[in-house]
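Below are the structure tokens for one structure; questions will follow.
Order as written gives the chain letters A, B, C, D and E; numbering starts at 1 within each chain.
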């Protein structure tokens, strides 16, 4: 325990590998939160927070473990923001974080399996489990009266998990999934998938993939061949690129992302603009929140020792207390310092439930005139 | 005696970083002459030829062509200078057709070489039959004919042959020797390694016997043939 | 001993061996001659199992061996050399010979871990044998040299040396003489005769050197265009008009002129 | 420098690098690198058996490594309750049927005379068999996958100690290699390479998509371990006491203890394999293999059954890779089929073999350890380089930011540079074949 | 009518995409096959060479676009091609000089060169991401379609649409021209023959007066041109993203191998084999059958041989089958 002048936080994201284009803004957001805290001079003994990046590669468990090991045992970090992909997150958690008693808050590992992973209370995530999203998605589609969809998912734990939970929920609600076809990310060509999807047909194509990966490829090929012109997008497909790449071509398409009507999301976007990263890119707000939560928990525990502050993460994230939005970290630190209570809302309306994962608020949107327009929140 | 047209003068050298194979070995040939190198296996005959052609480093000594020192030239520059060479092994382009092999022989020529090609086909009629076949599919003797044909295509100023008759049938061998004599008559010096030594020495103006990388005997073809010691040790009695 | 019955080997439309039939008697040294491209090597390859015949049959001691893979024929006592030397380039000359004998107990993986004593004994004997052969071929100084880096003729000698490492029944020699020094070739000829007489090896020899054929072979078979053209003693063959025309020729035309000049 | 001197020096160098990591970074990092280095060395031995000894260009290492990983799941996890009765037996039956179909087709092909008749019958058997197989298989799979899909949905394992999974992984890989070898070993050089690469992709595709087997892309995490858990150690008063008496804090002591445990296990396996490979290489068996590698036609003519020997060494090498794969999955504690990428699991191993020196077991081991070390350490090295380069630039400089941001990409970049440098100064590998 | 609909549906979802994808693969495979054929190693850096060439094209295109230059209906990137090819040539020639030349002189084994090319791949990979970043980049402009699905429906009154993209058209045309040129070049021209001679027997090529460094230089230049063209066309059709070019390497190699290494015709054939096997085997025939069959017989399943999960595996299975019957590819390729 004890006070300190310096707090080191590890950021373990896949800076190389399949989601390498998502990670830079994510890391930037997390680092922004840290800078905010450092600048406030209110954390512990006016500690400076130093971020240390490490590459999870997203896919190579061994390399990710080694990187985490180095951060903890050699750089002596006090908490981990990360990892990103569920697979490497599980590996780091089991092999490094738990043995070393290190707190980990992942902004983007959404696999339902992580809910039950052995974590000694060290693991949290600001992204909701995919199980929840499947249900939300079904609601959205059913409300629009769409009963028949084709489904394609990116063939990894995220895509598969989401597809399964969606399919289950959708069928239970009386809908039909005409085909469930996996697609691999980063491949050269998606004609085969689109061919099969088109043949199966459906009112809408649900693309449980990544926007800057195969998901876009599928959408592009579907549009070009005239197979589908309206889609439904889960969180991985949300981002500015949607407007940029497709614009009004996909008018009428719908989707949902974790998000709230809380002003937080907008703030993150503005912060992004001001600091030169894309605040609307996937999991950027979650990354900011993950970093913020680590530091707020430290403040609440008045210690940078994970063993002390791991118990405080849930407290600062949830009610009761004063609602805290992005950019208000100084205020939050002050309240905590004064012994008050906060309810961190952040960019994604964080609400941690059960085993320390986001309860999952979603923003439903529609493409109108080539722009992403929010329909409502649920 | 004046300087020979092509001379590998007191050459010493070996492969890569390995030991010396050649020791002060000298071979020379003049226009209109046929010089034949004989010697036991591994004596360094092929090595000497390669050294003259610049395919291995000559550590001391020099190679001169028409009075010019070419020791430092690369093999392809020597080709341009008019030297033609048929190596002992892997001497054809196996994946290319017979005709393409011959064309490659004429690579540096800019004039019309169809005439020469006809001559080669005339010399080795079987090659004309197989002109569109990949050279790698030929029989051993046929390959050898392609190899010699390729060198003839260059119309070289000096021709070097490493065992051109190995594996060719008697009738072709006779033809080949005939042709070699013909070529040499046109004033082109010919340097040749032969294990068919008796036949080769008969037509040779000059003979070298190499043993362990050294000149052991040198003389006219006739002299060497007449030397009982040489006959017994190197020509098979 | 070996009977070749109407063997055909076609490459695409080309008939390299075109209905060759011949018989090789036990204990003979048979010479096989013929112009370049006559199909001699191809016939060897068919007999030795390298190429499957298009049609026809090969028997050895009455047993049909058509299409048997080379390694099985080896164990039946059939050895051959290659016209274009096939050395094991990255191995030393001695190893090139030592690898030949079959049924080495050290070739079983298990023994390499648990039968090391036996292997060591066998190796010693093999090594002695290999050195003996190398010495005979006058290349004992090259025993530790990589086979890929010896002279062309020496490779041919290794080729021959391999056949001397084991007790064979029948040995096919494809132009072992080409590129070998004539003096040494005579020694080799003597050795072949000795093996033939003392140990009863049968030999089939392809050669273009008539002196060599004449010294060793009886009978001599001449092939041309994939068929057997003539068969008999060398004298008979030499007198055969067709053979002269296709193969032997009438000697140098230019030589006399050269001497006249 | 003499041969043995140089080699000792090189090994000492790698040792020093790891020690240096221990001093400069942390002992945990050092041990982690050592452990994966040991596994990599084993894989490199496997590849070296195939390439260095026999000249087989196998680029399907990833597949065999993954099969080893599968073995870890099938052996060490507890069976999923109800999965066997729900569909397990059905699936096994289907697989048997499938195998029978193929066998029947092969037999028919071998027995019947050539001609249209044969082709038709073979085709009929194959098509009929396929539908029969799917008919039995699909419902079984559906039933298994329906059982608690979020956490299970697979058949589970047989709950034996995970150490047993290592030999089983080897066997599994050997079995697959035998099948592959029987069909594909007629291919040569790069054709064999791409064929094996393809087979590895197929194996991964099966692992990813057959959820009933090992949960597919949903991953299996939390595999049991052959060594104690850190938490248990930290809660064990005896251990804590010992740690404190050594002047270590319990957390560090426990993590080091666990890693050392792995190191010992891996080192034992490596040494045994290395000894076996060395003995084989130096024996007539190794000589025969080299002869086959140098010239198949001649080896065949000298009575060596090239096909059989190729198969033998292909199976052996693959088994070694499978064993290493099982060990790796054990160390990771999880099986994540999506992470099997040719770059990491095939080509990196090849880099190890070539840099170490193909045809030489010591070289393979050295290459395995060294390249793994670099693979892990180039990241900080790259970052460090960037910091050095940018140190002269002013704060907030756009180029500086760009450079620092790109640091992560410098990882592969640095790896490339190091690779080229090593191969430039030792073009035949650090410890070349004699 | 229904029959026409069936044909159109099949063309739209199978034939057109497979032909276009096949041509893309073929263009890539041409480069790989040429390196293998002449320099005798499998070049792993080819994907990243493509990425580099395309990156140059992207940058030049952006510049041209900012100047307001355009090609009307054709993508501006075509204008940028010459500059990009030049840039790519400089890169590969530089690489050859500082990297490959050394091993050539050492007469290193092909596998060493393979590993070396991996090192080069890593480096190029880093360079490209360093310059343009890892993200998707858009640079296509001009007319997207030769005919779009909607237009086709309006034009013909059929229920099914047929879309043909401009880039698809260009790719196919370019692929055909490239292969014809290359074939002619290698088999008919002196330089081409000398390149083959060099690849066959380097020493003998020397003895024929062929300058090996020249041959190598020409090879790299052609490869750079091919790689750039292939990369740019691919990028126009999909989008430019460095990582994907690396992923493209695998199907490209597969194509080159199926066709037979070293043979340009083989590269084309291989590209189509791989593309068609990916697209057809996993195609769900439901739609087509629905048009063809009387209503009572309409299938209610998808009529799909295999699910798309296995599409990649399928193309490799096809590759294996081809190789089992033709161990050196469809067109009797080389092997070292």
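We take it that a residue touches a chain if its C-beta (ideal position, glycine included) is under 8 Å from a C-beta of that chain, and two chains touch if they have at least 3 such contacts.
Labels paired with UniProt names: B, C = ABC transporter ATP-binding protein; D, E = Branched-chain amino acid ABC transporter permease.
Bear in mind that the values here come from a model prediction, so they are computed numbers and not experimental data.
Just to be sure I understand the contacts, which chains border both subunit D and subunit A?
Chains touching both subunit A and subunit D: E.
Please flag the chain sitting at the greatest distance from subunit C, going by CA centroids.
A
Roughly how many whole angstrom separate the Cα centroids of subunit C and subunit E?
Result: the chain centres lie 49 Å from each other.
How many Å are there between the centre of subunit C and the centre of subunit D, using C-alpha atoms for each centre?
46
Taking each chain's centre as the mean position of its Cα atoms, how many Å separate subunit B from subunit D?
The answer is 54 Å.
Need the CA-centroid distance for the pair subunit D / subunit E, whole Å please.
Each chain's C-alpha centroid was found; their separation is 31 Å.
Find every residue in subunit B that makes contact with two or more other chains and list them.
none
Considering subunit A alone, which of its residues make contact with at least two other chains?
As it turns out, subunit A has residues touching two or more other chains at 20, 155, 182.
Could you please write down every pair of chains that are in touch?
Once each pair is checked, the touching ones are A-D, A-E, B-C, B-E, C-D, D-E.
Given the complex with subunit D, which residues does subunit A contribute to the contact?
15-16, 20, 24, 53-55, 59-63, 65-67, 69-70, 72-75, 86-88, 90-91, 94-95, 98-101, 111-113, 116-118, 120, 131, 155-157, 159-161, 164-165, 182
Provide the residue numbers of subunit D that touch subunit E in the complex, in ascending order.
For this pair, the touching residues of subunit D are 51, 57, 183-184, 186-191, 193-195, 197-199, 201-202, 205-206, 208-209, 342, 347, 350-351, 354-355, 358, 406, 409-410, 412-417, 419-420, 423-424, 427-428.
Using the touch definition up top, name the residues of subunit C that touch subunit B in the complex.
Per the touch definition, subunit C meets subunit B at residues 11, 33-42, 83-85, 138-139, 142, 149-154, 156-157, 175, 178-186, 208-210, 246-255, 258.
Please give the residue numbers of subunit E that touch subunit B in the complex, ascending.
So the residues of subunit E in touch with subunit B come to 190, 193-194, 196-197, 199-201, 203-212, 334.
Sort out for me which residues of subunit E touch subunit A in the complex.
By the definition above, subunit E touches subunit A via 9, 12-14, 16-18, 21, 24-25, 129, 133-136, 138, 144-145, 148-150, 161, 163, 165, 234, 238-239, 241, 243-244, 247-248, 251, 275, 278-279, 282-288, 302, 304, 307-309, 311-312.
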